[in-house]
Amino acid sequence: MFTHNKALQYTVRVAEPNPVLASLLLEQFGGPDGELAAAMRYFTQGLAEDDAGRKDMLLDIATEELSHLEIIGSIVAMLNKGAKGQLAEAALEEAELYRSLTAGGNSHTQGILYGGGPALTNSSGVPWTAAYVDSRGDPTCDLRSNIAAESRAKIVYERLIAVTDDPGIKDALGFLMTREIAHQKSFEKALYSIEDNFPPGKLQGVPQFDSLYVNSSTGMGDADGPWNSGEEWERIDDVVAAGPLDGGDGNAKVQLSDAEMTAVKAMASRTSSDPSKDPLTGADLGSLQS
Amino acid sequence: MFTHNKALQYTVRVAEPNPVLASLLLEQFGGPDGELAAAMRYFTQGLAEDDAGRKDMLLDIATEELSHLEIIGSIVAMLNKGAKGQLAEAALEEAELYRSLTAGGNSHTQGILYGGGPALTNSSGVPWTAAYVDSRGDPTCDLRSNIAAESRAKIVYERLIAVTDDPGIKDALGFLMTREIAHQKSFEKALYSIEDNFPPGKLQGVPQFDSLYVNSSTGMGDADGPWNSGEEWERIDDVVAAGPLDGGDGNAKVQLSDAEMTAVKAMASRTSSDPSKDPLTGADLGSLQS
Amino acid sequence: MFTHNKALQYTVRVAEPNPVLASLLLEQFGGPDGELAAAMRYFTQGLAEDDAGRKDMLLDIATEELSHLEIIGSIVAMLNKGAKGQLAEAALEEAELYRSLTAGGNSHTQGILYGGGPALTNSSGVPWTAAYVDSRGDPTCDLRSNIAAESRAKIVYERLIAVTDDPGIKDALGFLMTREIAHQKSFEKALYSIEDNFPPGKLQGVPQFDSLYVNSSTGMGDADGPWNSGEEWERIDDVVAAGPLDGGDGNAKVQLSDAEMTAVKAMASRTSSDPSKDPLTGADLGSLQS
Amino acid sequence: MFTHNKALQYTVRVAEPNPVLASLLLEQFGGPDGELAAAMRYFTQGLAEDDAGRKDMLLDIATEELSHLEIIGSIVAMLNKGAKGQLAEAALEEAELYRSLTAGGNSHTQGILYGGGPALTNSSGVPWTAAYVDSRGDPTCDLRSNIAAESRAKIVYERLIAVTDDPGIKDALGFLMTREIAHQKSFEKALYSIEDNFPPGKLQGVPQFDSLYVNSSTGMGDADGPWNSGEEWERIDDVVAAGPLDGGDGNAKVQLSDAEMTAVKAMASRTSSDPSKDPLTGADLGSLQS
Amino acid sequence: MFTHNKALQYTVRVAEPNPVLASLLLEQFGGPDGELAAAMRYFTQGLAEDDAGRKDMLLDIATEELSHLEIIGSIVAMLNKGAKGQLAEAALEEAELYRSLTAGGNSHTQGILYGGGPALTNSSGVPWTAAYVDSRGDPTCDLRSNIAAESRAKIVYERLIAVTDDPGIKDALGFLMTREIAHQKSFEKALYSIEDNFPPGKLQGVPQFDSLYVNSSTGMGDADGPWNSGEEWERIDDVVAAGPLDGGDGNAKVQLSDAEMTAVKAMASRTSSDPSKDPLTGADLGSLQS
Amino acid sequence: MFTHNKALQYTVRVAEPNPVLASLLLEQFGGPDGELAAAMRYFTQGLAEDDAGRKDMLLDIATEELSHLEIIGSIVAMLNKGAKGQLAEAALEEAELYRSLTAGGNSHTQGILYGGGPALTNSSGVPWTAAYVDSRGDPTCDLRSNIAAESRAKIVYERLIAVTDDPGIKDALGFLMTREIAHQKSFEKALYSIEDNFPPGKLQGVPQFDSLYVNSSTGMGDADGPWNSGEEWERIDDVVAAGPLDGGDGNAKVQLSDAEMTAVKAMASRTSSDPSKDPLTGADLGSLQS
C-alpha cells in the first residue's frame, strides 16, 4: 500500500513563470522516458515478481519515481501558475492572453485544454501511453529494459538542464538526473546477479546463426569493428549470393486442403491483373480531358 | 538505397493453415518487439549517426530486420491463405465461416478487416505505433535500448516457439530468435567500444545522490542485495524522516508578478471549497429521493 | 513524496489460476475507468491545486487509488501465475500451451507479450492512454469529472463481480467497488462546498440561449420530461423553420485580403468540378471492360 | 435518420484569416471536450437506450452537437481560407509561406497536412480518439459523465473566448458555450428523475467501507472539510498502522496445481538474482575503461 | 444544421441476440472503414469546400453516412440487448455470465466496459481514431481517397454478409453495402468532372522521373505488365549500378557554421565506438559467469 | 530479402541547418502520407499477394519507398545536425539553446526527446501508427487505396516544395514528388488490368439502391451535377417523407428470450427517468447557494 507526505522529496524553487519552458519539461512528466513511464515500468514488474530481492528493489524504485513525478509536475505547475490564474480570470486583454498562449512550444494546449495544470503528455502534447512500458515478465529482459530506460531518462534530463538557466529548476533537474544514474546501477547489479543471463530467457540459440554477421548494407562506408569482425564472428558479405540461409529455395509455402485450394484459385482467377493488355486508366482519363 | 530479392532470407514451410496461430505470430510482425520496431529503431539511428562503424552496423542490422519482417509476414500469410480465399469467395456456409473467424485469438479482425493479409498490429489487434521506437540520438542510450530490445524480441520468439508444433514454423522462429542473440552481441560490442559510456551522455551526476539508495518500500519482504547494500551504497531507510533531500522545506514555490498574484488570488477566492459548511450534494439528492 | 509498504491495503486470496478472467480484470488495471486512470486524474489535479482542502483530498484519494492499482494488479498476477511459469519453462507440450493461451478473452497477448505480468491495457489489450484523464484545471469541472469517473469505476467493478464466483476475488472487488462510492461522496462534498458552482467557470451564459431546448430529433418517440418541458424551458420544435438562432443567414463568411482572394479564386477555377458534363469515370472503365 | 440544412444553426462572421487562432479553436472541433466527442457520447448512448424520454433527449442533443461541430468547423475553415488558397496556388514566395506556416500554435500541420481544412485533431494536432467517449451503458453513470463533459466543454469555450477579440467569433463561441450550460441542465434533470441514482448501478456498497475516509497523504497541509470529517465519515489517519483493511496479512496468494508449482519453482531458481554476491556489471565496465 | 428523425433509414430486424456477432459488426461502426470514418471524411471536406456542387454532394453523403452509422449501431444494440440486461441485473449465475462474455470475438470488453452499448471501436476493441480520416484539402486527392474508402467499406460489408445467416441483418448489410457502391459512383463523377485531375494538385512532375519504373525487387518472380513495361515506361533494372538518379555521389551533406562544426566534432570524438579494440561486454559478463 | 547500399537513391544537398524546417519535413517521414506509410502499405499487400505481376510491382515500389524514406530522413538529419551537436555538447548558453529549440514548428520535441535524429512522427510530433495503413487484402480495394495514397503524398510534397527556398532540398523534394506520380500510374495500370474491377469485391449491389442519390442536405446551395442527376440516377429529395427505404417502420427490433426479456424489463424499471416529476438537481444546488 502507498502513503504520501506532502513534503516533496526535493524542494522546488522556480524563479518566475514560463509556460513555454513548462511545456518542454512535460517530456519528463508525461513523455516516453518520463517519471510516469519509469514508475509504471517498475511497478508492473514488481507486482508479478517472485524473487524477493528484485521485488523489493522494483517497488522501492517505482515508489521513488512517483515522488519524482511529483517533483517535475510541481515545477510545471509553478511555471504555469501565473498564466493559469490570468486565463481563469480573463485578467488580461484578449490580445495579450493570445500572445501569452502562442509564444512557443506546446504552451497553447497546456493553457486552453489543461488550464495550466500539469498534463500527462510529452512536449508535443501527445498523451502518455502504456505502449511506452516494455515490461515482459522475464528478468533478463526487463532488467535490460530498465537499464536502457534509465539511460534515456538521464539524457533527456541532461538536455533539459542545458536549456534553462533558472537556478532552482537546474538544481532540481540535476537531482532527478542523478537519481537515474543511481537506479541504473541498481538494475545492473540485479541483472548481473543472475547467472547465465545471456542469452536472455531459457532457450539457447541455433549455433549456426548466433555468431553470424550479415553485412546487409554495402557500398561506401562499409566498416569493420568488433561488432562484425574478429574470431568471434562468421560473416556474410554478399547476402544475395549467399541465398536463403537454410539452404532452401526461399519461397513461402503452405499445404492447403482441396477446398481451400479451390477457393484460392477462384479468387486468383477473378482478381487477376492481366499483364498482356494495356488498359485505359483513371489517370489517363484525368490527363486526356485537358 | 534499398534493393530486394524475392527469395526469403529463410525458407518458410507451413504445414497447414491456422488463422488463430497467425494472430499470435503478429506479435513479431506489428507488435512492440516485432521486426518493424527493430528495423525502424536501427534505421532512424543509422540515418543520424556520424560514427562510421556504428552507422554501417545500424544500417546492416536494420536491413536484416526488414528481411525478417518479410519472413514472419510470410508465415502469417501462409497461415491465413486458406481462410483468405474462402472468405473472399464466400466458399463456405455462413455458419462455417463465422465459426472459422471466431475460433480464438484475434483472428476475427484479421479476416474481416485485413482480409487475411498480414497486418501491422500486435496479437491483440493494436496497430503498430512509433511510440515503440525509443531512439534518442545518443549512442550510450541508443545502444543500451537496442540491447534491451533484442533481448525482448528474443523472449517473445521463445514463447512463440513454445506454443507451436508445426516443424517448419518452429524452425523459422528458431532462426529469427537466434539472430536477435547475434544482434545483441553486436550492439554490446559497439557500446563497450565507447570509452566512458557510463553514465550515459556527457554530464556527470551530483556526487551526493549518485550512490544513494532510497528504501521507499518497506514492511514485510524488505531485502538486501548488491543493488542496495554494500560499500558502494549509501542508504536511506526512513524516507519521511530523512525529509527533502536538499534540506529544504519540500514546498514548491514560484515568484509571481503583482498582476499574476492578483489573478491567482481572485481565482482562489472564487473557487474556494469552503471547509466550514456541510452542503447538500447531488449524491445526497440521489439517495434522498428513494 | 510517496512511500510504500509491501502489505496490500486489502488481502488478495485467489482460488486458482485463470488467465482469461485475468484478462477481464485488466479493465480496472489499465482500462479507461481503472485505478491508474483514477490515480492520475486526482494526482494531476492535486499538483496544480491551491485550495488547501481540495489539494489534501485529491492527494489522499490519488494515493489510495495507487494502493488499489496494486490490489487489482496483484489479483491479475495471481490469476496468471501458473501460466507464467509454464510458458517460461515450456513445461507443457506445445499444443497444451497453445490451448491454454487461446481459451478466450485477451489472454493470448497477456501470455505471449507480457509474460503473465499485469499489463497496463484494458480487457481488449488496448494500452492505457492519458487521453482517459480529463483534468482541466478548474474545480467546478474537475470535481464533476471525478464524480462521473467514480460512478463509472463503480459500475465496472459491479459487472466484474457479476462474472466471477471466486469468493476471494469477489470479496476484494466488493471492497474496491465500495471505495469508489466513498470517493464519489467526498468529491460531491467538495463540489457543493464551492458557492456558485453552476455554471462551471466564471463566465455566465447568454440569457437568450441558456434555457432553450432544441428538439433536433423528431418523429416517433418524441417525448416530454423535465429536461425539455416546463416553466424552466423555452423550446424550438421545428429546427429548420426556426432558422439560424442569431437571426442571420446561416452562412460562414470571412473578409479576405485582395491577395488572398486572388489565390482563392485561382484555386477554385483550377479545381472546379464542372457540373455541366457527364464524364467517363474510372468506375465506368471498371465496368465497361467486363 | 439524419437530415441536413446548409444554413448553420448560428451565423459565422470572421473578421480576418488567422491560422494560428484556427489551430487553437480545433480544441473544440477534434479535442477531447469538443463537439464530435459530445455528439458521439450522446449518440452511442441514445442508440442503446430503452427509456423513451432519455432516448429522445440523447438524440436531440447528439444532433444539436453535430450542428455545433459544423459551426466550429466553419469558423476554422474561414480562419484558414486565405492560407489555404495561397498554399495551394503557391501564391507567395517560399519564405513568406514558410513564415505564415510557422507563426505559432499548430498551424504548420494544419497547412501542410490538412491543406487548411478543419482537421479532427486537438490544438496540438493529436487525432481525435474514441477513447474520449466514456459511455458505459448505465444511465446513472452516463448522465454523470455527460454532466461532467458539458462542464468541461463550457470551460474550454470560456478560455477560447478569453483569447480572441474578433467580435464575430466571440459571439459564436458565446452561443456555443451557453448551449453547453443548457445541455448540462437537461442531463441533470434526467439524472435526478431516476430514483435511487446513488450509488450508481444496482449493487450497494459494503457498509464497512462506504463512509470511510483514508487519509493517505499526511504531513504539512493536512486539512479537514465535509469531504473527510463530520458525522458522516469514519476516518483512518495512520494508514500503515491500520494495516490491511480486511484484517488479513496483506499478502497476495493463489492455489497452484502441483504441475504449476513445479514450473514456477523452476523459473524462480533459473532466474534468481543472487543477493549474496556483488557482480561486475555493464555499468562497471563502462566506467572502468575510462 | 442537422436534424434527426427517429425512424431509421432502413428497418433493423434481428432474429436473436448474439454479442459475438455484435463485436464483429463493430468493424463498420467504429472501425477504420466504418460509417463514422466515412461521415467524418466527407464532413470535414465539405466544410472547407468552396465548389458549390462538391460541397453539396459531400454534405449529402456525410449526412447519409450518419444515418448508416445509426443503422449499424442499432443492429449492434439489438444483438447485445439480452446480454446487457442480464449483466446489469446480474440475472444469471456468475459462471453463466462469465461464459456468455468469453464466447469469442471481442464481446468481453463490449459487456464489461461498454455495458452492451455500441462502442466506437473496431472488432478488436481499438478505439476509433481520426487518423483514419485522410482529408487533405485538395479535391483531386480527396475524391480519390473517397473512392478508395468506399471500395474498402464495400468489401468489409461483403465479408460481414458472408459470415451471418440472420436474414434481417443480411438484408440490412446488403443495403449498406450497396450504398457504398452508389457513393463511389458519385465521387468518381465529381473527380472526372475536374479537368486536368492528373497529376493531382497544381505542380507538374519532373519529366525525367515521371515515367520511370525502378525495378527494386528482383530475383525469382520478376514480372512484366503494363505497370512497368511498354512504350510509356523507361525502366531501371539494376538499381545499384544505376547509382544515384541525380548523377551525384549519393551522400547527404549540409553546410555547418564553424561553431556548429566544433560541437559536432566534439560530440563525435566523445562518443566514438573505437573499432580497433575488442571490449569485454555486458553479454560477455552474462555468459562468463555460468 | 532486402539489401542496402549506402549511396542514396538521390543525393541530398542541404544549404544550412534549420530544425524548424526539419520538423515540417517529418510529415513525409513519419506522417500519414509519408514514405513509411507508403512502404508498409505496399509491403503488407505484397506479402499476401498471389498474382505474380502485382506481387512483383508491390515489392518493387515498397522497396523504392524505403529508399525514399532514407532520403527524406537524411534531409531531416542534415537540417538538425548543427542543433544536435550543440545540444549534446551544451555548446551554447542556456538561453541561446532555449531560443533555438522554441523557434517554431515541432523542433522543441525533436531536440529534447529525439536528440536531433529523424523521428517517426508527423509535423506535430504524433507518432506514426499502422492505423494509416489501409491494406484490406482485396486488389480492387487496395489498388484504389494505393492510387489515393500516392495522390495524397504528391500533394504534401507539393506543399513542402512551396515553403522552402533551399535549392538542394527543393530539388530532392521534386524528385520524390515525381516518383509518387509514376507510382500512381503503375497502380492505375494494375487496377484497370483487372476485368470487372467495379464494384470492388465479388458481390453485386442490390439493384434498387445502387443508382439512388439521397439528397440528405438541403436548403441554400443545393446543386446538381453528374454525381446526382441525369439518367444514371434515381433521386430522393425529401428524405423524411420517403421514409425507411425498405418500406418498413424504421424501428430496430430483436427477439429476446423470456429470461432476457425479464432482465431487460427489470433494468428498465430500475433505471427509469420519471418524466412526470421535476426534481431538484445538482445544478440547482450549485445555483441556489449563491
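Here the chain labels run A, B, C, D, E and F in written order, and each chain numbers its own residues starting at 1.
Heads up, the rule we're going with is that contacts are C-beta pairs under 8 Å (C-beta built on N, C-alpha and C of every residue); 3 or more make two chains touch, one makes a residue touch a chain.
Because the structure is a prediction, the values reported are computed rather than measured.
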Neighbouring chains common to chain A and chain E, by label: B, C, D, F
From the options B-C, B-D or A-D, the pair that copies A-E, where over half of the contact pairs coincide: B-D
Homomeric contact chain B-chain D: same or different residue positions, threshold half: same
Averaged-CA centre spacing for the pair chain F and chain D, given as whole angstrom: 23
Multi-chain contact residues (two or more partners), chain C: 1-9, 32-33, 53, 56, 59-60, 62-64, 67, 74, 77, 81, 84, 88-90, 104, 106, 113, 115, 121, 124-127, 129, 131, 136, 138, 140, 147, 155-156, 161, 184-185, 189-196, 198, 201-203, 216-217, 219-227, 232, 239-240, 244, 250-251, 264, 270, 273, 275, 277-283, 285, 289
Overall pattern in which the protein chains touch one another (line/ring/star/complete/other): complete
Residues of chain F defined as touching chain A within the complex: 1-7, 50-51, 53-54, 87, 90, 93-95, 97-98, 101-104, 106, 108-109, 111-113, 115, 121, 124-127, 138-140, 147, 184-185, 188-196, 202
Partner chain C, residues of chain A touching it in the complex: 1-9, 30, 36, 40, 43-45, 47-48, 56, 59-60, 62-64, 66-67, 69-70, 73-74, 76-77, 80-81, 84, 88-90, 113-121, 127-131, 133, 135-138, 201-203, 279-282, 285, 289
Footprint of chain D on chain C - complex, ascending: 5-17, 32-33, 52-53, 55-57, 59-64, 67, 74-75, 77-79, 81-82, 84-86, 88-89, 91-92, 126, 129, 131-132, 134, 136, 138, 140-141, 144-145, 147-149, 151-152, 154-156, 158, 161, 171, 174-175, 177-179, 181-182, 184-187, 189-190, 193, 198-203, 205-206, 208-217, 221-228, 232, 239-240, 243-246, 248-257, 259-260, 262-267, 270
Residues of chain B touching chain D in the complex: 140, 191-192, 194-198, 219-220, 223-227, 230, 232, 240, 250-251, 273, 275, 277-279, 282-283, 285-287, 289-290
Partner chain A, residues of chain D touching it in the complex: 20-21, 23-24, 27, 31-33, 104-106, 122-126, 155-156, 159-160, 162-165, 216-222, 239-240, 244, 250, 264, 267-268, 270-275, 277-284
